[in-house]
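Letters are used for the chains, namely A, B, C, D and E, taken in the order the chains are written, and counting of residues starts over at 1 for each.
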Amino acid sequence: MTFQRMGMYTLVALAVGVLASALITSGTVLSLLTQAVIYAIFALGIGVLLRQNGLVSFGHALYFGAAGYIVGLLLNMRLMPAELAILVALLCLTAFAFLIGLVIVRVPGIAFGMLTLAIGQMFFLSASRSRGVTGGADGMSIDWPSTLFGFTQSQILHPANLFLVCWVTLIVLMILLTLLLRGRFGVITEAVRDNEERARFIGISTVLPRAAVYALSAAITGVGGILAALNTGFISPESLHWSLSGMALMMVVVGGFKVLWGPVLGAVVYFLFKDVLGEFATHWMAIFGIALITVIVFAPSGMAGVLQRLMGQGKKKPLRAAGGEEAAAGAGYQAQAQ
Amino acid sequence: MTAILNLENVHAYYGAAHILHGLGLSVSAGERVALIGRNGVGKTTVVNTILGLAQMKAGAVSFGRRQISRLRPYMAAKHGISVVPQGRCIVANLTVEENLLLGAANGRKGHWDVPKIYKLFPILQERAHTPGTALSGGQQQMLAVGRALMANPDLLLLDEPTEGLAPVIVDQLADIFNLVADQGTALLLIEQNMSLVARVAHRYLAMSKGAIVARGGVVNSREGLDDLESHVMV
Amino acid sequence: MLGINLFNGLVYGALLIIMCSGLALIYGLRRVVNFAHGALYMLGAYLGYSIALHTNFWVALVAAPAVMALFGVLLDRYGFRLLQDREPLSVVLVTFGLLLVIEDFVQTVWGKSNLSLPAPELLAFSIDLFGTQVPAYRVGVIVVGAAVALGLSLWLRFSRIGLFVRAASTDPATTAMQGVNTDNLSAVVVGLGTALAGLAGVVAAPFLSLSPAMSADVLIDSFVVVVVGGLGSLAGAFVAALLLGMVQSIGAVYLPNVAVLLPFLLMVAILIWKPAGFAGSRT
Amino acid sequence: QNKDPVKVGVLTSRTGVWAEMGEEVARGIMFSIDNANAAGGVDGRKILVAEGDDEGNPDAGRRGAEKLARSGHNLLIGSIGSAVSLAIVQGLDRWDAAYFATISKTDRLSGDSCKARSIRTVQSDAIDIAMINKWAPKIKGENFAVIASDYAWGHDSSSSFKKAVESSGKKVSLSLFVPLGAKDYSPYISQLKAAKVDAIWAAIPARDGIAFIKQAGEFGLLATTPVIGHAMLSEFIVRATGNNQEGMVGTLGYGADFQYPLNQAFVKAWKEKFNRVPTETEALGYLGSEVMLEGVRRAKSVKPAEVTAALRGAEVDTILGKLTVRAADNQLVVPNFVARVKNVDGEMRPVIEEVFTPDNAPPASPLCKM
Amino acid sequence: MSNFVLQADDVAIHYGGVKAVDGVSLTLEKGQIRGLIGPNGAGKSTVIDAMTGRRRLTRGRVMLRGQDVSELGVVERRKIGLSRSFQRTSIFGGLSVRKQVELASVMMGVQDARADAEAVLRELDLLHLSDIEAEDLGYGEQRRLDLALALVGRPSVLLLDEPMAGLSVKESQDLAQHLKKLTSSWDVSVLLVEHDMDVVFGISDAVTVFELGRVIASGEPKVVRADPRVREAYLGSAA
């Protein structure tokens, strides 16, 4: 993709957002889309981790929820203006994720996923049991000030505006990511994902880039968490629970993680689908399960893959599994290492 | 003579990559055939096709008189075809001895059993209870050969069995392959080391670009060697 | 007091052994971290409940796992086998989908309420242990757990199929090349693993209550066990299951403030110390 | 005649951890609404209902509430979890909706998170605790143990019991806190047995409570030591624990045998339809819905803000008597009950033994600023 | 200080009870090619692992240009000029040939990484494959790519673990000539583990023979080739 192409896509995406916010009058639809975009950012974070590190996180809800908690606490303590609180929250999360990352990215394959799950659950349990500051299992409301970045609360919270804010945030994040991953950082992380040992033998210290990707993905998810906190004005331990991570992961895989916009697509489809379930909603679990299985079975590279194929720009050969050390069973016996 | 293995007009793929282009070959009981060719012409793919590990989109494979339409990987062994794979593929969490026992999974009885293999490769007996992958490359190769023999095969597929082996071991293996063949097991030997081919094979098939391009008899002499090497030097 | 706590830990550990040996077996052969395992456990428990209502507990103890085994065979044949060339994450999410379907199914068939299955007559008495009365049924749970652990170990170590299972767990392609019918082998192993989940469910039914949430409860504990033990390793899972059982029962008494976090702390600590778990040889 | 219909959004747990209670709440609410419709509606308006599922999760609850409210069903009622209710009330102004809390007890709903558009019709934790303060000193025994779930509510229950008991010169010699979602209670039960106390105060709600009671029975604890349950006598718990709870005493938010004309009529009608008495959860759902409809009747409007405003400070006649919606915090000041599980006509259910009238309720929280 | 570029002193590596390498000393002079041969399992790969920091030493030390590097990690050793190839091809399957070689070059701190990468690719006849993803290459090409990754940044020491394995006769001979050329044009020293005796004896300046984790012979190729112990333990008919 050339820079012109990218610029064009960006403009189109922004225009779509503005048009949507202007033309859609139904508050229900707008709030649904807002929700979808927020989760798209969440999923984008998980997708980056998967794409660049080949690592699956079952605990990213930690960053989604923690972002809301940190902002909420900072605001409740009235230590600083909300704008600064947002920044501080993101920095804290990123730094925390980087430190944790330094330790946990050494753990290979699916065990990494389990480790993230464990860490996430520890925070979930601690938040549920804590009394006082975080409101424990009941959660806490977040006191957003009456103005934020120069806009009044009711302006920001107006469905059309809020949607636009989230949408623009998503687009900006995607542009930044594209630029970042296209540079040296992107190549290094891909090399480390492909063959960690060899990477060290060409002079890449492999833990640092992996931890950096982990921190990056946490930061992105954190941005989603902050928008969610803005949207709901409330945060509870459920936002830290692994089932939320699982749901976001589901969006990533259903959307397809080989391209950046796959997870975004997954999130949008998820919410629209859930919404049209309507009266079958009591059986949403079964319907979802079946839909999930169907997509995975029939569209291995997610809906993004299907779309790409329809548009005729897909790669002919399937990309290699980034999932872990296990080579697919049928790939021939040469796959085995000595 | 009955063919143990017969491939006709095989087209094989890895994903979208078309590797074998209408390849045909056949090995009869007790024969010693060499399959030679440069790197990457598709020799291993022939093995993979026989084992059902590559996708065969056209053509036919038959074991003995039985036509096999859809290959499952365990089918070949059941029909008396065993493999010393390129890369050895020693099963990591099994001991040396268990790796050998695994070779007998097809349930065929015959000349070879564990003691006989140990006699052939004493080092394996010494290491019988260590994990198979804790052996060096060459020791693993011996184990792979031993394991393949445990199947008491009618046909032994040897995919570059001497890659990475010391010359003494290569000599030893040459003798062993001859011994095995003398006992009536057919050999299909894929090899880069032409002097080994010359010492073991009676007939060669030369491959290029996924098809057989030349065939002939093998003579164990300077000229014979030159002839063989001419097919892989292209 | 310590004695009775160790006993309690042993009971839960035994249940985890039954549960996790199935999970480890399936992972070993199919490289699938089966998120549906908890749901299968729940399904087993509810099936056992219904069978026990119409016949008795002992029939349920055999019949429910048998039905589950059949389910497992089908799952392998029409699920895992078709997906065997896919990246692990996809298959994990397929099992996640299956979990949703099973949970919904159980809620639809048996309702959303908690159900309760009494302990079988034969074991409905108490015995005196370390000076307190403990239900005999719990001793039974330990016996079943020990039997499963011992039986599986012997089977894997000494039987021909056991050898094949171990081989296929490490390297399915090579194992197939040696003439092992890996398709059937997987079906057997997944069937067995599923049956064990079902057995765990039936065993748990009389002493932990039956509810649609029982699946999620035990799933995380099971993950902790198999990961701490080393994915796919049975011996590791056995050790980790007992360890977790002990940690929970001892922790609840002596470290009540952090008791909930203990399993996770255990997992984090062990994985950082040994990234591949107790028995992990994979690096 | 062409008045706008009353559009109610019944949002409760259809899936998730509280799905079973959700079913009961919804049944109670629908019973009230169906009856009202059969009688020609309220204020000459038909009542239309749309349903939603909060999945027992605040985020899903908020989403569901927003969807219902924005589609016009902006009289919301029925969520169970306190966190879900707290999440919903944050959005009421934005969506122009009102909310009736029928089951969520957290004090924050009538404390720092109180909203003019939100009314609670069930006992708050504070009301429960005031009752415990009165009742606990009367419980037989000198030496007690406490076992409670390890989160805010459990700790509150435990400490207020302890304070009440100690103020009358008795003591609590063992306090245990059990993590939410615990499966195996044996480590706690062995400690309780070893403590050899006169009675045990247990505050373990719902599913966890069921597991605790079953296992306590299994270990013979219930046979030797009386267990007093805080919020553990609900029918769905009693049903799931077999005969284990027979004779157990505890707190209850509603009793079918409460002597009050409206209640007797309600129970009778319920029996006709369902062939059994209503459960605590069903009745609380019914109560909430009745209060909501009364609001419409008084406001002569379906505008959420007007409905709640009309109720604020009002006295309403309910199945639990003539009760006031306290103006300071929009809390319906309800009575409270002590009950005992008994075998009535071959079925276990809680039977009221003592009523704590609304005047026991503590004053409104100063944190509530509407 | 010695004039050895690389020096291993009494290096030992034990895997539990297995003494894979048990007290080996080795030296490499500037611009020298030293062949390292020995029966399978003699410990050749293990010694390379030890010198590059992939395995921890049980005993002994490794010196690079007089500096003790035993405690340094893989990355640091590579950065100060100690590079290796792998017995089993180890490349980045998902990256294009050019991308990965360029990356290696960048990591080595080469100024003009692009030019450096291209030079190496041209040397190894991979330039025409630059834009292909490595996993789509043929086996021989993958082996050359493995070597290319080891060559960028002009390391001063190259430890090559059976670079000719699996190559055809012609490819091996080309590669051998190539190595010879490198040592003179780049001043790189090579430790060459290889089973192709024609190659080893053809291009080495010195040969060391291992058996059972110990050195059994070392010296000029001719002398070593004539050593009866070496003949018996290793060479057989290839002598």
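Please note the rule applied: contacts are C-beta pairs under 8 Å (C-beta built on N, C-alpha and C of every residue); 3 or more make two chains touch, one makes a residue touch a chain.
Remember, it's a predicted structure, so these values are computed and weren't measured experimentally.
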Looking at the contacts, which chains touch subunit A and subunit B alike?
C, E
Chain whose Cα centroid lies at the greatest distance from that of subunit B:
D
From the centre of subunit C, which chain's CA centre is farthest?
E
Identify the chain pair joined by the greatest number of C-beta pairs in contact.
A-C
Expressed in whole Å, how far the mean CA point of subunit A lies from that of subunit E is 43
What is the distance in Å between the mean C-alpha positions of subunit B and subunit E?
30
Subunit D to subunit E, mean C-alpha position gap in Å, rounds to 75
Find the geometric centre of each of subunit A and subunit D from their Cα atoms only, then give the gap between the two centres in Å, rounded to an integer.
37
Residue ranges of subunit A touching at least 2 other chains are 125, 129, 285, 317, 330-333, 336, 338
If you look at subunit C, which of its residues touch at least two other chains?
171, 173-174, 177, 260
Residues of subunit E that touch at least two other chains are 87, 136
Counting only contacts in the complex, subunit A reaches subunit C at residues 50, 56, 103-104, 106-111, 113-115, 117-119, 121-122, 125-126, 129, 242-243, 246, 249-250, 253, 283, 285-286, 288-293, 296-297, 300, 321-326, 328-333, 335-336
Subunit D partner contacts - residues on subunit A that touch it in the complex
26-28, 31-32, 35, 125, 128-129, 131, 135-139, 141, 157, 228, 232-234, 236-239, 244, 275, 281-282, 284-285
Across the complex, what residues on subunit D touch subunit A?
14-15, 52-53, 57-59, 62-63, 66-67, 70-71, 82-83, 86-87, 90-91, 94-95, 106, 108, 112-113, 150-153, 155, 179-180
Residues of subunit D that touch subunit C when the two form their complex
15, 17, 19-20, 23, 150, 176-179, 181, 183-184, 186-188, 190-191, 193-194, 207, 210-211, 214-215, 218-220, 236-237, 239-242
The answer for subunit E against subunit A in the complex is residues 52, 54, 73-75, 78-79, 83-84, 86-88, 90-95, 99-100, 103-104, 106-108, 135-136, 149-150, 152-153
